[in-house]
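Letters are used for the chains, namely A, B, C, D, E and F, taken in the order the chains are written, and counting of residues starts over at 1 for each.
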Amino acid sequence: MKMIHIILHLFVLLLSYTITSQSHTTSSVNDFCVANLSFPNTPLGYPCKSPLHVTVNDFVFSEFVAGNTKNPFNVGLTTASVNNLPGLNGLGISASRIDIGINGSVPMHFHPDATELFIIVQGRITAGFITPKKVYVKTLIPGDVIVFPKGLVHFQVNSGTGKAIAFAALTSSNPSMDVIDEVLFGNNLSTFMIEKTTLLDPSQIEELKAQFGL
Amino acid sequence: MKMIHIILHLFVLLLSYTITSQSHTTSSVNDFCVANLSFPNTPLGYPCKSPLHVTVNDFVFSEFVAGNTKNPFNVGLTTASVNNLPGLNGLGISASRIDIGINGSVPMHFHPDATELFIIVQGRITAGFITPKKVYVKTLIPGDVIVFPKGLVHFQVNSGTGKAIAFAALTSSNPSMDVIDEVLFGNNLSTFMIEKTTLLDPSQIEELKAQFGL
Amino acid sequence: MKMIHIILHLFVLLLSYTITSQSHTTSSVNDFCVANLSFPNTPLGYPCKSPLHVTVNDFVFSEFVAGNTKNPFNVGLTTASVNNLPGLNGLGISASRIDIGINGSVPMHFHPDATELFIIVQGRITAGFITPKKVYVKTLIPGDVIVFPKGLVHFQVNSGTGKAIAFAALTSSNPSMDVIDEVLFGNNLSTFMIEKTTLLDPSQIEELKAQFGL
Amino acid sequence: MKMIHIILHLFVLLLSYTITSQSHTTSSVNDFCVANLSFPNTPLGYPCKSPLHVTVNDFVFSEFVAGNTKNPFNVGLTTASVNNLPGLNGLGISASRIDIGINGSVPMHFHPDATELFIIVQGRITAGFITPKKVYVKTLIPGDVIVFPKGLVHFQVNSGTGKAIAFAALTSSNPSMDVIDEVLFGNNLSTFMIEKTTLLDPSQIEELKAQFGL
Amino acid sequence: MKMIHIILHLFVLLLSYTITSQSHTTSSVNDFCVANLSFPNTPLGYPCKSPLHVTVNDFVFSEFVAGNTKNPFNVGLTTASVNNLPGLNGLGISASRIDIGINGSVPMHFHPDATELFIIVQGRITAGFITPKKVYVKTLIPGDVIVFPKGLVHFQVNSGTGKAIAFAALTSSNPSMDVIDEVLFGNNLSTFMIEKTTLLDPSQIEELKAQFGL
Amino acid sequence: MKMIHIILHLFVLLLSYTITSQSHTTSSVNDFCVANLSFPNTPLGYPCKSPLHVTVNDFVFSEFVAGNTKNPFNVGLTTASVNNLPGLNGLGISASRIDIGINGSVPMHFHPDATELFIIVQGRITAGFITPKKVYVKTLIPGDVIVFPKGLVHFQVNSGTGKAIAFAALTSSNPSMDVIDEVLFGNNLSTFMIEKTTLLDPSQIEELKAQFGL
């Protein structure tokens, strides 16, 4: 047994040696690529942190708790993405916790390049997504999971009598949330242009722009 | 020269032989995969037509002309996608011709999983796209090309004094066009749900639903 | 207003017409591709169900509840994958609910082609993943999220005093779970071959094979 | 209404706050990744410019006009790629304008990693592509669109009586154009090697090498 | 130990049960997708054979031996692709054995959508690839490996005094080999069109066409 | 002929000019992206070396010879990956040479994100891979090729009477090799945790940990 011990130990050393001599580099990162957020992003993710500085904490996010719901939609959102969980870099996944107060909702929105898998944890939520031809809606309770396919507009309304909680996973390490209201009314696009491309009444447009302080 | 001729001819025959004997199949399609539209689609495209039945016409679409503009937006759209140009199958690209009449526009919309490259051919078009943080708008003339990144809401307004024409290429063989108006008002989603998730006035919602005959 | 109503209605009809006349097919499915599980799979997912037969129930799974924990690891697993949630087809995501009884654990395993994002919901779980060079371990509580990068061996042990619950999202619509014990001892690979390629003692191998009834 | 105004405004602020506190970074770029051309490229595109410095001009190219046709093929090419339209970075698309004078042609060539969708705008063009088994050729006029599948050798000849114009879209943000003549004769590969691997006569090879000043 | 045995056995049964009851299908193929070559191909590979009919022989090809070299280039090619090794389906890799006789060569060619990694096993081979700007050539001996990046034209010439052997791996399960000679002269494209798009002399074109029996 | 010569020469110059004036950059690298190993990696590969400094040697590795077999498994491994063959960067392929001495073996292992195509060159090797449901094993001789699908555990045992040699290609430019023994026993994971997640006897665990000097 002693002999095998020594040889196996040697084996490990030899393997290390081979790898070192062949590569002329210590920065080979093939198991994962933890984001170095201080470098500029690339189309497929951030450059990798040196493996020497990576710890288990790069793979853990510890504030996945209820977000603040003091807003007109009475909804709180907390997201674990590459920005606060750098181990997600290049892996194409992130997660959100959604808390919807009584009478609250997640406003009509879409994620430009991500599918969403939505798990109901507490309460009762009426959720749906919309294609050019049809709307798909269902009232969900704990034990239900719904998928919102990539890029489609969807919404979630608390249709129960108490607070509702859900978890969502998205197929992007850095997802964007494009709220229809924010897209239409939350920027300096002229009322004329909005009217022309949506047929909404100018008074309605100005009223909602005002909500955004515009 | 004669001898080389004979051998080269043989070479071709031999190559064919080898491929045939190895594959036990004649359906190998590695150069292209023309859609067989009578089969069910798959997530990445239609099954391939047998190469024996493929002709150059599978790669050509001959009705890429002005679409009908008799509609409220005064816009005509013609698209060459896998549905009428089956040679595009699996190749991730399609093209549209856009004709915008005087005072017309392409309504606010997005493509759930495609980037659009938009080439102005005639007239004057004010176009833009919107992110959660900012709107990017510019007035364009022939010689200009603009890109609308994947999944972002965008619009085009004829801001000139005559008809405007543009060509667009999209990074999908079978792109979808999700018009905001159609998503919000063109289906049987209840006015209550729309109000709750957009903060639009019920009267405005009902008015636009009426436009869709709902 | 009447006139616009009529024209907008026409617009919708015209759009439909164009699409129909161009495609010679009604099976165009660009918004989603719900799996038709009765057809053979392809490398990227199942063929699509006809959109005419798709309902909201194709996007919802309603048995995302605690799995049976009566087994040696005292763990229950319930998975929402393309097999029971056909709307996931081609979208590259699935979800699991993990219930670990007192003293229980999820055995050492890996997913050949999926990253896992693991959300702790109840209890206390010590989890980790292993690369050829290092092990990354952390004890987690509700509010914590951990990522196990694609293909790496990982494990989860209930290190609390009560039952533990977690949700996981995986970057595959049809993920596989390769348990190290099952790979080594759960099939008819000869004890000689296992010994030769793992250096485990034959008695240990036979003992564990017996657990699998072999 | 005032109250809602204030709260919605707050909502926006809160959202911003959450994102800032979670990420410890302002460089999150999930809507687009405009190329910073002063950094080294990566296999999937250039690093992203800071969103703070991005303007609408990063998404617009304004010299998409006829190229110079004073060359033996009597052809002018102008390309909008990531190099002059940095907003294309990572989006997998680019566009070209092709002007072919009388008797001119686009020489036999291929794009190593891009499909081409070719739209005839003016004149008459005979175009085709070649697989190991067959050539696919067609004479095209305005209103026609043809696709040249990824990597296949193709050509375009002005077969009309006047100038011809076309637009092309390619499935790469930075496409390469490998002209057969340039590959065979436009570099310092020895005549012996070319003869050996093409069976062309040495005199023919030297004659064409001379055209490239070699 | 007995008790654990029984429970572990049960565990396996329970897992099986869960999977069966959830999926309503036995055709779940997440570990691999062996090609069913009797079905039409799709853009990403063939439909999968039922796992029940898969055996180890679907993953093994046993005729990876020297091909026939009786042809003008004195080269033999044998390829293991999805057509004769159906376990490669969807996995993006294939392999070739190349035998080059004395004075022989692999003619100038390219693979439209595959990178080639070329391992010299015996003899001496001068190999190279060509970009629009430069040719990269090197003489190689056993112990050398060279990469021909995706889509680039390359060639291999036996520059030694005996037979040469090499193995190659390609990043496609079903690669195509486009030989420049075959593309230019091995089909019914008119001499006029070839001259116009290559500037080759008509006599040279006709001479090589004759080699292909045209 | 003189005139054409001059014009073709001009043509080349004009093309160069156009590219330069449009791009404001000389670092356009669309033919290949040779790794600059001194820069941090990204999820899809290293940043590219400037094309001006690239030579043919960036695409060649010249030490693809037998590795040292003085270790308990009696196996030698030599790998050509992006680390010693920087031209492989971003191309998704690498190669290994495997030498297995008499009675030797490649220990049970897997590659987290790569398929392996394994070519037997000399000797006799019994190889196999394992899925949760079944083991696939076969004894192979020169002329045989076997595929180990992405992420599955596999092994190779010299079952002949002499030395065995094989070449392997992997679908990753920078593959990782996760040896089961090393994963379970080659790090500081506590014996308690290993026992709990594998049911192995503590004495067996400690014995193998000792082999790694732990």
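To be clear about the criterion, a contact is a pair of C-beta atoms (placed from the backbone, for glycine too) under 8 Å apart; a residue touches a chain by one contact, two chains touch by 3 or more.
Bear in mind that the values here come from a model prediction, so they are computed numbers and not experimental data.
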| item | value |
| --- | --- |
| Third chains touching both chain D and chain B | A, E |
| Shortest walk length in steps over touching chains, chain B through to chain F | 2 |
| Farthest chain (mean CA position) relative to chain B | F |
| Rotational angle, Cα trace of chain A fitted to chain D, multiple of 5° | 120 |
| Chain D and chain E: spacing of chain centres that average the CA atoms, whole Å | 27 |
| Centroid distance [mean C-alpha coordinates] between chain E and chain B, Å | 32 |
| Chain A: positions in contact with at least two other chains | 4, 8, 31, 39, 42, 44, 63, 72, 91, 112, 128, 131-133, 137, 149-150, 152, 176, 182, 186, 199, 207, 211 |
| Which chain pairs touch, all of them | A-B, A-C, A-D, A-F, B-C, B-D, B-E, C-E, C-F, D-E, D-F, E-F |
| Of all residues in chain B, those that touch chain D in their complex | 4, 8, 31-32, 51, 55-57, 59-65, 80, 85, 87-88, 91-95, 115, 117, 119, 121, 128-129, 131-133, 136-138, 140, 143-150, 152, 167, 169, 171, 199 |
| Touch list for chain E against partner chain B, complex | 37-44, 63, 67-68, 70-73, 77-79, 81, 83-84, 112, 172, 174-176, 182, 186, 207, 210-213 |
| List of chain D residues in touch with chain E within their complex | 72, 105-108, 110-113, 126, 128, 130-135, 137, 149-153, 155, 157, 176-184, 186-189, 193-194, 196-201, 204, 207-208, 211 |
| Interface residues, chain A side, partner chain F - complex | 1, 4-5, 7-12, 14-15, 18-19, 22-25, 27-31, 33, 36, 39, 42, 44-50, 89-91 |
